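Below is one structure, written out as structure tokens; comments come after it.
Lettered A, B, C and D in written order, each chain numbered from 1.
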Amino acid sequence: MSEFLAMGGYAIYVWSSYAIAVVVLGLNAILPVRTERREIAELQRAINARTKHDTPS
Amino acid sequence: MSPQALVCAVLRREFRRTARNQSEAGHPLIFFVLAVMLFPFALGPDTALLSVVAPGVIWVAALLAASFSVEGLFRSDFADGSLELMALSGAPLALVGLAKALAHWLVAGVPVLLLTLPLAVGLGLDPGVLAILMASLALGSGCMSLLGTSISALTVGLRGSGMLVALLILPLYIPLLIFGASATANAALGLSAAAELYFLAGLLVLALTLTPWATATALRIRLS
Amino acid sequence: MTYPSTRLDVSNLILERGEFVLSPALTFTAQGPSLIQLGGENGAGKTTALRALAGLVTPASGSIHWCRQSIDKLDNYATSLNYIGHVSGLSAELSVRENLEFIAAIGRQQQVRSPAAALALLEAQTFAEQPVRQLSAGQRQRAALARLALFDCPLWMLDEPFTALDADSRKLVENLIDDHLERGGIALIATHQPWGGRHQATQIHLGRQST
Amino acid sequence: MFDFLNKYASLMHFYRLSRRLSQWLAPLTAVLMCAGVVGGLWFAPTDYQQGDSFRIIYIHVPSAWMSLFVYMSMAGAAVSILVWRVKVAEIALRCSAPLGASFTFLALVTGSIWGKPMWGTWWVWDARLTSELILLFLYLGIMALQNAIEDRRVAARAAAVLTLIGVVNIPIIHYSVEWWSTLHQGPTVSKFDRPSIHLHMLIPLLLMSVGFTTFYISALMVRMRTEILRYDRKTNWVREIVTTHHGSPSSV
């Protein structure tokens, strides 16, 4: 297992590349989902606020 | 209303406006000379080194001067409503864009070419290379004006569009810089610079055919 | 010389600007001599509506027909239209005459008078040589309206033409519009000032309604 | 045909379509990526020239390929914005730019890391890497222009024109950078010619490439749904979706 991790002496380069890939792709996966959830929550709040203050026209 | 008459009308108007506020038209030229003049202070006065660097320095300074001077091309037209008027006059907006680019080239491009002469001598560039530098800059400044007109039409009326135009336009100027600087570098080594000059001429023709459409579309978008 | 039969049909025009949908669907027909006044408080979309009718802005939905042809398929719509926005369209550095000469040179509309004659009609010839920068608002407005006398267009669209005009300049412009109507022209005016001319104006009120 | 396009490109239909699409696209991306990484790190034999450092290819090449693929799909969206005024294309253009920039950045970083063991320097002015660098600036330019204009519909159309200007310039930039790098470094074989590709090496590469593409589409879907909700927030179909949603997150 340890010689697998060593990557024939290029461990730093290979693993750092994969780590950066995980970070970049991870951010592109998680951040949009979080903004979507926040947007939905915001819209819910706006709708609740409007229905509460809606004077019957 | 023949196209030539339309182009002449736009040119006449641009020259009158430039004549009436010369200081504004002078700013990019002063910037160009200043930018080139900084390098002897940075690299030391010996012209042996300076003459090697001179073509690249002059090309980069010309690029920056063009990207700053092209920003204000439509600004006052957009503000005072004459852009709206030109769009509704029935005249082809692409031709107006082309005339504007030609006006910019004559007002900002040609003076940069003329200023290159004393600057190149100051940087110790020998006359053979200078001729090629002037040829490449002549073709290159044409492309700069055409491409710059389209990009400035895209950002007209936006606040802070000064830096925005430079940010959008410089990546697109890189091919011009590559062929322009390498043409002069080849000339300095005694090699023929024909290939690069042909490329620059090719880019100029491409810009002449495509950018008017882009300028017209961009202006219509900004007016909507 | 009267205009050939002219007709502007607008059917359920809906305009969108940023988040707002402007004006409930706009539908009207203007035929032969007719004056339409677009009313509504500031920001109700009068200018956007006028710009859409002029073809500058593409409406979200609805259609505009000039002489029974849709304006975006019509390439000579511009030659029959004289549009004056609330911005003068005159460059500050140039003199009034130079501006008008440029407008005459670039315009495809049918020119009937020399720039000097057009300026005289608007009593603007006294300051024709002054740069527009030095003009008062009323003078600049009259210089801008000189385009109405320069070209012969059956369709006029004026955005707030009477702002900054004193009483007799206003009378002057109203007469100009009335002459245009007598020759069978159509005029659309976006203003909330009352119309004092001879012809009867049909009112269209634009109310802004966010979606 | 255009009314059909516009009616069915309406945002509500697209929103529902993208929900269904995400349901199975996200797990597929995960499977493809894992298979590609496992294949690339374990099963692919060591390259006789570069040793194990060649395994960076499984990140560098797919992301470099994606940086161009995203720009081309943005150019397609740009044409449909300018010609047919399709709202969905406007939102697709706005949401694709950051993804394209991320792929380009990833290609740049992994490219220079890959170059380090071979040439001893972190950055080398290789033709392909330099073209990627300029492509990154094109993406940043499109994003900068979009943020500078408030009205979303005008911003989308302006960005569409800039994208088309960019797409014409990409081959010019690529060719002039090739010319420039051969001029200054001499016509050596470009450092990035892939090593003679062995079958076991090729399969993970294909898996990763398809995985990156499905990742782009599913990440784009999420971004677009957020944008659609914000765009149509006053309509009642959005109100009904939001109220029945109780905040359960949609999968990636």
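The criterion applied here is as follows: a contact is a pair of C-beta atoms (placed from the backbone, for glycine too) under 8 Å apart; a residue touches a chain by one contact, two chains touch by 3 or more.
Values in this document were obtained by computation on a predicted structure and should not be read as measured data.
Asks: Find the chain most remote from chain A, comparing centres computed as mean CA coordinates.
Replies: C
Asks: How many Å are there between the centre of chain A and the centre of chain B, using C-alpha atoms for each centre?
Replies: 43
Asks: Quick check: how many Å separate the C-alpha centres of chain B and chain D?
Replies: 33
Asks: Let me have the rounded angstrom distance from the C-alpha centre of chain B over to the C-alpha centre of chain C, please.
Replies: That gives a centre separation of 37 Å.
Asks: State, to the nearest whole Å, the distance from the C-alpha centre of chain C to the C-alpha centre of chain D.
Replies: 47
Asks: Tell me, which residues of chain A touch at least two other chains?
Replies: Not one residue in chain A touches at least two other chains.
Asks: I need the residues of chain B touching at least two other chains; which ones are they?
Replies: If we look for residues of chain B contacting two or more partner chains, we find 224.
Asks: Mind pulling the chain D residues that touch 2 or more other chains?
Replies: none
Asks: Throw together a list of every chain pair that touches.
Replies: A-D, B-C, B-D, C-D
Asks: List the residues on chain B that touch chain D in their complex, please.
Replies: On the chain B side, the touching residues are 147, 150-151, 154-155, 158-161, 164, 167-168, 170-172, 174-175, 178-179, 182, 199, 203, 206, 210, 214, 217-218, 221-222, 224.
Asks: What does chain D use to touch chain B in their complex?
Replies: Contacts found on chain D: 82, 134, 137-138, 140-141, 144-145, 148-149, 154, 157-158, 161-162, 164-166, 168-169, 172-173, 175-177, 179-180, 183.
Asks: In the complex of these two chains, what residues of chain D are touching chain C?
Replies: 85, 150-153, 234-235
Asks: In their complex, what parts of chain B are in touch with chain C?
Replies: Interface residues on the chain B side: 1, 5-6, 9-10, 12-13, 16-17, 20-21, 76-77, 79-82, 84-91, 96, 220, 223-224.
Asks: Taking the complex as given, what residues does chain C use to touch chain B?
Replies: Touching chain B from chain C are residues 51, 54-58, 76, 78-79, 81, 83, 85, 87-94, 98, 102-103, 105-109, 131.
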